[in-house]
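Look at the two complexes coming up: chain A is in both, with chain B in one and chain C in the other.
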Partner chain A sequence: MATPAARLPASAALQRRGAGGGLARALGPDYRLGYLFVAPIVVLVLALVAYPFGYAIYLSLTRKYVGVPPVWVGFDNYVKLTWDGFFQRAVVNSFVFTFGSVAVKLALGMAMALVLTARIRFRSFWTGVLLIPWVAPTVVSALNFLWIYDYSLGVLNYLLVKVLRVLPQGVGWLSEPGTAMASVIAVNVWRGFPFFGISFLAGMKAIPAEMYEAAAVDGATALQRFRHVTLPALQNIIIIVVLLSTIWTFNDFTIIYILTKGGPGGATQVLPVLTYEIAFGAQRLGEAIAVALYMLPAMAVVIIVLARHMRRGRAR
Partner chain B sequence: MDQRLRHLAEQLDVGLIARREFLRKAAVVTGGAAAGLATLRTMASAQPKTKLRVWLFKSFVTNANDVLGRQIEAWAKERGVDVELDWATFGDREPKFVAAIEAGNPPDLAEMHIMGPTRYKAVLRDMSALAGDLARAKGGLLPFAETAMKIDGKFLAVARYSMTTVFFVRKDVMEAKGLKPPKVYDPDVVEFARKTQDPSKDLFGFGQTLNRSDDGDGFMENIFWDYGGGSWDKDGKPALGTTFRAQNLKALQFAVDTIQKHKIQPPGVMGWTDVSNNEAYMAGKLVTTNNGASLYYAMVTKKHELAAKTQLVLTPGGPGGSFVGSSCYNWAIFGKSKHADLCEDLIRWVEDEKRFSEYLHVSVGQAGPVYKGRVDHPYWKSDPNFEAIVQNIVRSVNYGHPGPLTSAAVEVRAQHILTDMAGRVVVGGLSPEAALKEAHARVEEIYKMRRT
Partner chain C sequence: MSPRVLGRAQGPVAYAILTALLLVVVFPFYWMFVSSLKSEEQMRTLTAMFWPSPAVLDNYRQLLGKTDFGAWYGNSIVVALSSTFVATAIGTLGAYALARLKFFGRAFMASATLITYLVPPSILFIPLYAQIRNLGLADSLTGLVAAYPSFTVPFVTWLLMGYFESIPEELEEAAMIDGATRFGAFRRIILPLATPGVLAAALFAFTQAWNEFLYALVFITNVKLRTLPVGLSTFITGDVYGWGFLMAGAVLTTLPVIAAYTYLQKYMVEGLTAGSVKG
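So, the complex of A and B:
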């Protein structure tokens, strides 16, 4: 025969347990065990993310030279950066580099995906070939482009001047104001567009063929099918890929550091390279971290939007 | 698995012993083994082998790196010390130091660039006694080396060798045109380049980047001094756009003119890195260039056809004289090291003249003298091209010239202020006056920050 307590509903039994009852009601009967399970990851996040991040914010509010204790200066580093012309140019360059790269990667990635969904011979082979830039180490790619762009010894000028004869003389791709930024953007695009392409390709393959067939029956042209079927179906993927690439491109250090080090004359200086130079060249760690954190609010907005879209995608 | 445990398991399997007895005996065996191992470990750690962490500079002169590595290993064997060698090249070196110092885990001993003692003075050990001993034994330090090693009256490092730049000239082209090596940049280098170059054949008279690089920054410093200017006055105060404004403007204009007006440089020169002029010279596309001895080393060791057709001459000068900044590589011991005596012993070992001579002979001119006694080493007479290397080093000046070597002067160099200034004119389209004013503001800012 069951005891009266055993006959009570579980929630009522929990209510009788005093102080723990509220928590148990809110978090479930096994909430103590839950804490135990979550504790390791909380400790890891605190130790590996929260503490370094908090310490970085603290250091950005100090004057910190290598090997000597930091001196609190409040927001001085941020105020100084705001009025620093060199920093301002780096901010502008960072946006030009990021949006220029992402826009071209978006267009090329879409073209790549469309071509690879079409009925072409050796499709798997071409997919593999187009993925090579994405899988090649960035350092290797950048060093190769350093050689490709070289005025005297580079293959690009050789092709344009001596083989194709489209230019009377070579171009200093990394040394002229009109071409330096475009050249580093081109390398970032070359390296990054396969990610766009392969993501869009995966999205396109998930679109039911019936939708295209129905559109075709209604007399839609290829362009209209792309506009009214493909693009809406890919909308979420496009947003996620663009936001992810924006974050990665904005923080890209390797390509510019290897190709130009931010030169000539700061023409390709971007925030990650400036951060590195102030940290390891000038060895002013507080100011370097301030440079790195200065654009954090803007990046945080991008990350929040991205996280929302990803959550929405998962909910579906 | 321990053989005894395996034996016990077999006995259990065939029913020779009960499970309880297996557990009891297994516990005894396992516990005994653990206790034995712990005792052995304690005995082993009672007499540990001293471990020394040594960071070395990985130069492009790889044969010299090998010799130094071997010498240190021989010392470690002789002294019964465990040495952990770690190599870092130009780009990796400073980030490694910064990370190690900030993490509180620097090496015991490091081979440093000339900037090292000034940059890391807060965490370096006073080495005055050893540095003084070695300097006395080797005839004294060259003035620029002594200034760089001695910070606030204390030697924070022991000088080892100097790496300098010299002017590389294609001897065959020069002789074919009946010319002599240029002595000053303007007009000698300009005329020399014009007479020898042939852009239609992709041969340019002069190859000197003004881009952010050691080569570019070094040239800009030298040319400012050559015109009687510089970034600092004799008291170490900013002078770029004030005291030396007129001289600096002329120097900047000349540097820019080599590209824009005289057209003696290859069109892509503003995008060059430190290795670009080496590659262009070895590809036969330059008649002259400024570079360190590593370029000569590369040509000699590869038996490159241009090695025999190259003449190294003194770096050209200007209306204010002829100046060169050279590096002084050195040994520094970190204050946190518990083995300072061993580090000093190692330094004495590798700086022994016989061993240094072995290093010198494979360096093909890169290990220039920093001690007066080494200037007259017979090695420097073994190749006529070495004369320019030695003479450039002997007359070297430091960052901050004509003032003292300061943290601010080091930072101005490290931040590429002068090459950025040139780049703003050549690429950014600024007037030399505006670029100079902009650069001066940056120098002033660094000066203020470093003073506080």
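So, the complex of A and C:
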């Protein structure tokens, strides 16, 4: 890092402090305080993430039942899964659930952000209200929708059949294969779109007003301003939010576990719920972890690309 | 002054979209609250669907008197507060070091922390459970307090790194020229300035721990030791009576988060936008 002239006195102070020995030269001027402050995180990450992660990879290569030592089987679990119909269906469902949810969240989030930058009254109050689904406990929201979707007493069927009269009779939203996936996606969208909205809103607020004025002077319509000013400026935020949400949604356990447990007949079975069921229902831990890790290479790519973008967003 | 993308003529459109979004967001909470106040009789007969008539507290009385809900509430408070404390303390120090101090391995550790934040719990829960059990902490609140930092600490650290980076470096340098040590400058100059960020991070950590479901479901088998989300989910029975009861529990579980959030909304929105995603 180049030292600007204005900072010279400070770096002189830094050098004085670091002049203690060769260690400071090798490890950096702040190495003592630095390592002291970072040590708890390092211990924690090693113990709670890195080690379990390594152990997970090992277990996925074994046949392991609860309470019995693991037996090494190589890639058997993965090979078996590849040809397993239930697993294949869960993979497809996971992708449908993830991409369906993320696409709708992106659209609704953009609508939310645009509305909240328009000239409306009580803007910050509405912003706060729209964020509530994002902070409310996921379990509560899932249970709430379980009740809303209820076939005989739920308010959704009541609204559609008795109030609006658009349906002749109620729908078993979560119990019919045709509607179950859309119904769980709706709950994920409901919970997640405010995060998209608030992130886009922050990005839009950072766009200089002059850019819109210049575009308006040039005769750009609202749609053109959105396409040529707003979208390019939001590009990095959109990438970050979409990738973050993709990871979160792909690994969402709570909503589907509470609403359908993967049913009816596997119509909403996704990988995290399948992992849980094989691990704690069937007690086959090695196979369960293989289910969880099967998509790891793809997820790792997403995580690394995302981390790059997040760090670049900061550096600017 | 924020730029108006929609333009001047689109006022009514903006209000229409806003109203639609608000309806979709608010109605489920309204419905939850109304359901919790309905009598069993009213639930079964589908009378006065959209308001309680009469409003009764039977569900709340049953919930607090006849179930372990009170104990679960206590468990959730203990677990959420302890893990918030741990995460905030560790995360604040770490974030400062990773954002400001110059030492070998800093950039690598910053990346590792971020990647850790992105590793999903659905991959970690089985081996983490095995590890918690090996430590003799299975089926205990201590086990949860030990495990929750796996997601709260990386998040708090990442959030606060952004916050510390936004505080001008010259402030510390000035303090150090005046004879303060690095630690002194951190404690007396930087930490007070970072208070809003630390508060927001603590609130997020609390919310994450309060809402956590998967680890609590897997690690705890003793009914008395359940946390609120897991306890609530065991109330699913599917009959008329169960719903009012369940919604009363849902209301009480949501309250602390909404209360904290309302009170500290400014910091939370600021923290969310300044820290986690900054473009």
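Note that in this section the second predicted complex is superposed on the first by the 272 of 316 C-alpha atoms of A that agree within 3 Å, B and C clash if a C-alpha of one lies under 4 Å from a C-alpha of the other, contacts with A are read in each partner's own complex, and residues count from 1 in each chain.
Just so it is clear, contacts are C-beta pairs under 8 Å (C-beta built on N, C-alpha and C of every residue); 3 or more make two chains touch, one makes a residue touch a chain.
Since the structure is predicted, the reported quantities are computational estimates derived from the model, not experimental observations.
> Could you tell me if A:234 is touching chain B, chain C, both of them or neither one (first, second, both, neither)?
second
> Can A:55 be said to touch chain B (first), chain C (second), both, or neither?
The second partner, chain C, only.
> Is A:293 contacted by the first partner chain B, the second partner chain C, both or neither?
second
> Does the superposition put A:207 against chain B (first), chain C (second), both, or neither?
A:207: touches chain C, not chain B.
> After lining up the shared chain so the two structures overlap, which partner does A:130 touch, if you call chain B first and chain C second: first, second, both or neither?
After superposing on A, A:130 lies in contact with chain C but is clear of chain B.
> Counting residues of chain A touched by each partner, does chain B or chain C come out ahead?
Counting contacted residues of chain A, the larger count belongs to C.
> If you stack the two complexes on chain A, which partner ends up touching A:285: first (chain B), second (chain C), both, or neither?
In the superposition, A:285 touches chain B and chain C alike.
> Touching A:198, do we find chain B (first), chain C (second), both, or neither?
A:198 sits against chain C, while chain B stays out of touch.
> Would you sort A:70 into first (chain B), second (chain C), both or neither based on which partner it touches?
neither
> Looking at the overlay, does A:177 come into contact with chain B only (first), chain C only (second), both, or neither?
first
> Take the contacts of chain A with chain B and those with chain C, and give the residues found in both.
Residues 146, 150, 153, 279-280, 285, which sit in both footprints.
> Which of the residues in chain B come into contact with chain A in the complex?
Residue positions touching the partner: 94-95, 97-98, 101-102, 119-120, 122-123, 202, 210-213, 266-273, 276, 279-280, 283, 285, 411, 414-416, 419-429, 438, 442, 446, 449, 452.
> Which residues of chain A touch chain C once you look at their complex with the stated criterion?
Within the complex, chain A contacts chain C at residues 7, 9-10, 13-14, 17, 26-31, 33-35, 37-38, 40-42, 44-45, 47-49, 51-53, 55-56, 59, 108, 111-112, 114-120, 126-133, 135-141, 143-148, 150, 153, 155, 158, 190, 194-195, 198-199, 201-209, 211-212, 222, 225-226, 229-230, 234, 236-237, 240-241, 244, 247-248, 250-251, 253-254, 257-258, 271-272, 275-276, 279-280, 285, 288-289, 292-293, 296, 299, 303-304, 306-307, 310-311, 313-314, 316.
> Okay, in this complex, where on chain A does chain B touch?
On the chain A side, the touching residues are 63, 65-68, 85-86, 146, 149-153, 169-177, 180, 260-267, 277, 279-285.
> Of all residues in chain C, which touch chain A in the complex?
Its residues touching chain A are 1-8, 10-11, 14-15, 17-18, 21-22, 24-26, 28-29, 31-32, 35, 43-44, 46, 49, 90-91, 93-94, 96-98, 100-104, 106, 109-116, 118-128, 130-131, 146-147, 149-150, 153-154, 157-158, 161-162, 165, 170, 173-174, 176-177, 182-183, 207, 210-211, 213-214, 218, 228-230, 232-233, 236, 238, 240, 243, 246-247, 250, 253-254, 257-258, 261-262, 265, 268-269, 272-274, 277-279.
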